[in-house]
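For reference, the structures are reproduced in the following blocks.
Two complexes are shown next, each including chain A; its partner changes from chain B in the first to chain C in the second.
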Partner chain A sequence: MSLDRSVTNSMPANRKKLMNRSKRRTGRRHPLATVALLALGLVFTGGAYAALSSGSVAQAEAEPTSQETIEEGKKLFQANCATCHGLDAQGNNGPSLIGVGAASVDFQVGTGRMPMQMQGPQAQVKPPQFTDEQVKQLAYYVASLGPGPDIPADHLVNGGGDAANGAELFRINCAMCHNVAGAGGALTEGKFAPALTGVSGVHIYEAMVTGPQNMPVFNDLNISPEDKRDIITYLKYVQDNRSPGGFELGSLGPVAEGLLIWIFGLGSIVAITVWITAKSN
Partner chain B sequence: MAQDDNSGVDLVAADSSHAEQEFAGSTGTAVIPRDAFENPGFEPHRPRVTDENPKREKRAQRTVYTLFYLSILGSVWAIAAYMLFPMESNDVGAVRLNNMFVGIGVTLALLGIGFGAVHWGKSLMTSAESIDIRHPISSTPATQQGAVEVMRQADEESGFSRRTVIRNSLIGALLAFPLPAVVLFRGLAPQDQLPVELLSHTMWRRGTRLTLDPSGTPIKASDVTIGSAFHVVPEGLAELEHGKLEEKAKAAVLLMRLEPSQLNPAPGREDWAYDGIVAYSKICTHVGCPVALYEQHTHHLLCPCHQSQFDVSNNCEVIFGPAKRALPQLPIAVDDEGYLVAQSDFNEPVGPSFWERH
Partner chain C sequence: MSTATTRSTAPEKRSFTAAASEYVNDRTGIAVAIKGLGRKAFPDHWSFLLGEVALFSFVVVLVSGTFLTFFFQASMAEVEYDGSYVPLKGVEMSVAMASTLDISFDIRGGLFVRQMHHWAALLFVAAIGLHMLRVFFTGAFRKPREINWVFGFLLFVLAMAEGFTGYSLPDDLLSGNGLRIIDGMVKGIPLIGTWTSFLLFGGEFPGTAIVGRLYTLHILLLPALVVALIAVHVGYVFIHKHTQFAGPGRQPTNSVGPPILPIYAAKAGGFMFIIWGVISLIAAMFTINPIWNYGPYDPSPVSAGTQPDWYIGFADGALRLIPPGWEFVWLDRTWSFNILVPLIAIGIFLVLVVGYPFIEAWVKGDKREHHIADRPRNAPIRTAIGAAGVTFYAGLWAAASSDLLATHFSLTMEGVINALQATVILGPIIAYFITKRVCIALQKKDREIVLHGYESGRIVKLPGGEFIEVHQPLDEYDRWRLVSFESYEPLMIRPDARGKITAGQRLRASVSRWFFEDRIAPVTRGELEAAHSSHHAEVDTTHG
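For the complex of A and B:
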């Protein structure tokens, strides 16, 4: 930092000369380019150091494969999950978790669906009961019991894909249950496909890979990881861009639109009719 | 009668004694109720505030012309908004703004005229009650007689009844005129195939590979893990030059894998599945919506249009809703390279009922 400042301070003295020279050289290099480059280098080095040093601390806590993490996860599991899933996750009242993979645990526990609040048509979303770190510990403990889908890499879930391709795949594979704008919809006997607005990319990806509850599984040979990334991109696009057609009314389609026009549209027509035919005061 | 209540001069109230007089001569079988409804006349005229208070009248006048001026403003604004918010290509946001502001202008223009006119009529125009007597609908006997006479004369002069050959040929020509329409409308349907035939068959043949919608990638049996649902179209659909959508609408299939022990195939269908992988038509047998809401634990398929439910573990039989027939099953097998292929076409027409198929 001090080096940076000293260079900037010494700048004005020779700026004019530099500027003249640069003009003669048909503007190939801006007079401030050297300073900018130096500053950029310093910031980059400093930033990278800060990121690495803090990252190494975080890594020590949640190293996926470390035996310590798995042990911690096992303790958490036996205290919170074993009643239903069995002491060794072999299944008891609940299903066996051997081979469901880290992705499944990260989705179910990370969205608050597990531990389940009560029996019902399906487990509902609630505030997560564990910290992110505990969720990871549980996930890697369950992953250590048998091979299964892993938590997806960041570049697949950050919404940097092709929204148009994602939209087509979403319409073919997902829209019939989750609504074309991801607003969710009803299934049979109290079950429903939840709305996808506000759901993180990681959880959407994990839901596709693992097929939680009554959702079918969409493995990587059905929808490739890149296609899954595109679907997440589309959902983010729908969420971030306002509807060009005016009010969305929850994107619920003809039901919400019909209700609005029947109640308020016809209501105002009735009101005007009453006003027209009423005797003036 | 209540005529004195009305200051109006052109008032003609219905007179009950007059009505009685008319009926007195020939009642025939008509029933004249003894408690016949008596004309109550007008309610007492109630002057409005605008009739009594000149200030209120002035205000009403102001409101009316303000509404009309607002309407002018709305019209001018609609024109201005059309220019101020141009619809640029590829920008849906611009279309939205244009529609909204032009719409506000036109709404103001129309509602201003409408509300202004109604308010004018209600608060400023005369409020005296009056009666318009309803005239009988039929013409006088003389006019009726005249019309009959005109028709008779026209018939005599044209010879319509006399020259039967001409008359009958004219009727024949009029009858023949709609016939081309029948042929033209038939021409809108496929020419060289019977519609029933078209509805009864799909693109699936023996050995057609099952491919992913929309990429057309063939599917290996090993790709389909338990609990999966694949949306499937026949191989070669993307390469079709004509009628791609028509073919897709008939041939779309949902591929699912269950534990083989959970399937209860009907007699004769034991070898239609492959290791728990089953393929069913995605077209609802009710009115043809795509049935694709698959619940992997209950093995139920739900149609989003009218809530028909099909049980995948029991040959997709209907368990709820208005559909009458089970979803047709596509018999599948695996070829030498491990890809899923169709054993044949569906053995029954897919989709909703039509004539000759109930």
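For the complex of A and C:
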């Protein structure tokens, strides 16, 4: 990480991101080549698009941000994040945050990933440690340092899109890591794509535009804002509508089904056979 | 039974049932058959019912499957989905997929029957598996039942094939991924692979023919074979009679237990409804194969957590365990040892399973018939081999869920795979030795009990001040159970008629030594009497 930083510090933010990520990936060849390769491909295309279109990303500036908000954010940042990200977010033990945008901060802090507690394969989700307002302050402080993706507008994240289109896009772009029903899945070296149940629309959107940690970036050329809205719509549909077939068994597929039939199905039947053949006295 | 008694009653007072049964009997002579069958005895150990669990779940599969055929359309023509599941509306998919969605959402009771079919299929194969283990560990495959072991094995393989073809029918993402793996495996076979794949799929994968072809296999050819083999298999069980555990009055020539009619038939009939009920309950409560999540098959997306049904898991696991880099180009061809090695390993494993009865009989030089089931501990080597086989299979099986093991126990993928590689290679050896030791220890304990009785927990102080524990002698029944088993000795090498010792004989003698070197002989009558005469006071002075 620190090596990456020294090499990449002088580059524009998005390029840096691209390099950081591609380094992290190409260094480790792995038997799970399909997943890794797909991810790599997506990272490259995502990153390259981001680099090419860096101007367009920050356009959706929703609220005018006052100097006061930014000042508050700066104070919070220096108290809570500077040890890792540096006093001016230029990077220290953690990566530089210049140009990651408000969306990235809102996602990382809003889902409780940041401030990071434990060094591990990937930052863990914890109960968020800041109020919504503080999160926004942090986000706009970081956004003021360099252009980056903004927190998405409400109409994009409220789940009012086309679920069928979203489902298809989700299967093509996300299911290889997150599982078709968003139940999560394993990546290499202890990293994993988390289950997407209970994640808010805003955070889903932000995850796509910022590509947290081991997830690729899906920028607006890659998946348009309307398509992102559709994906969110689909994920919300899956969350709000229980499976018509009964308990989902964690949507884990045939493994959970196999365990159920062996343990409960055959288990209860064996118990019955024991009862049937018990001596009747 | 009732038919036999109705004949003697006055004709004018006959009930309707009696009249009806006589009508049938006069035209079919079925009473004789029923009487014959009805007097067959059925031994009453719970594990002897596992075969029936398989049989009855197959009945559920058959009935529910027939319902599905009314609505399922095995065509790969593209249509735009227009059913009631919103997140798929307007999506292009095959007719097979669309009709399965219709079964799930738009046909009354369809989803329930679909889930029943799939859950019953899983239970069917699971019951066969457990049934096979029972037969193995009690030595019920010995002469004259070796042939039936082979039929049973074929049923197991056919059931897996039935399951896999069924799993591939709905043409959803999971089906397609499964077929893609099969396609890859077929193509990995040198020389004929690619041709075979083209033949199978009617062109380049996935083509438009495969679902129709699998459908023919799934509802016509394979079920016909399964039904025929079940008939033969169960027929043989009637001819050979059931094996039974040793006990007083239980001879190799008889079979002790309640007669099939009326008690057993009633119990079995009830049992069928119980199984039906368990499957219905599961089908009503738990989702299985939610194809609406997976969406239509399309070669580009792959889902995390893509797994086959449990009974194909061991093959998937074998593929996952192969380390990277076992595929290389040589002589202008790609040699896919990452596929060939698992295929060969599984092939050898299956051949060993089906051939085991013959191997064991050869090693023992045993040509006698056996009708008394072994207690697993009394055949330590067989039990140990079985445990090794189970460990091997379980390792492969677990490997099919390596990704879920990693995420759910916060482990790394690599760690899980390496641990399972070790399990598959070293695990069987460790399991073998542990099981053998445990069996022999249990046999020793049995011997103690037969010779000296149970520890009663009652401590007595002798006049001399010594404390001893009173041992309670066994009753006749328990003793019978513990002493009646056969013990083999290693075969000696004997020259054949021409005074030669063949290599085959040498091999056999050494395998036989390995089998029977460590053994515990059953207690003999002499030993028993000797032990008893020293127990006059009903106290055991040898155990202070």
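In this section, the second predicted complex is superposed on the first by the 217 of 281 C-alpha atoms of A that agree within 3 Å, B and C clash if a C-alpha of one lies under 4 Å from a C-alpha of the other, contacts with A are read in each partner's own complex, and residues count from 1 in each chain.
To be clear about the criterion, contacts are C-beta pairs under 8 Å (C-beta built on N, C-alpha and C of every residue); 3 or more make two chains touch, one makes a residue touch a chain.
Note that the coordinates shown come from a computational prediction; the quantities given were computed from them, not determined experimentally.
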Combined model on chain A where chain B meets chain C, clash or fit: clash
Chain B versus chain C as contact partner of A:Gln129, first or second or both or neither: neither
Which of chain B and chain C A:Pro244 touches, first, second, both or neither: both
First, second, both or neither for A:Val217, with chain B first and chain C second: first
Contacts of A:Met176 with chain B and chain C, given as first, second, both or neither: both
First (chain B), second (chain C), both or neither touched by A:Val274: second
Chain B versus chain C as contact partner of A:Glu257, first or second or both or neither: second
Which superposed partner A:Gly190 touches (first chain B, second chain C, both, neither): second
Larger contact residue set on chain A - chain B or chain C: C
First (chain B), second (chain C), both or neither touched by A:Gly166: second
Superposition clash, chain C against chain B - the stretch among 116-124, 260-268 or 404-412 that is involved: 260-268
Residues on chain A lying within both footprints (that of chain B and that of chain C): 168, 172, 176-177, 185, 187-189, 193, 244-246, 276, 279
Touch list for chain B against partner chain A, complex: 46, 48-50, 92-93, 95-96, 99-100, 118, 122-123, 127, 212-214, 219-220, 223-231, 256, 290, 292-298, 300, 302, 304, 307, 309, 320
Touching residues on chain A, where the partner in the complex is chain B: 168-169, 172-173, 176-177, 185, 187-189, 191, 193, 211, 213-219, 221-222, 242, 244-246, 275-276, 279-281
Complex contact set, residues of chain A against chain C: 29-35, 38, 121, 163-164, 166-168, 171-172, 175-181, 183-190, 192-193, 234, 237-238, 243-249, 251-255, 257-258, 260-262, 264-266, 268-270, 272-274, 276-277, 279
Partner chain A, residues of chain C touching it in the complex: 44-50, 53, 86-91, 104-105, 111, 115, 119, 122-123, 126-127, 130, 173-174, 267, 271, 274-275, 278-279, 282, 284-290, 293-295, 298, 300-310, 313, 323-324, 400-404, 406-407, 410-414, 417
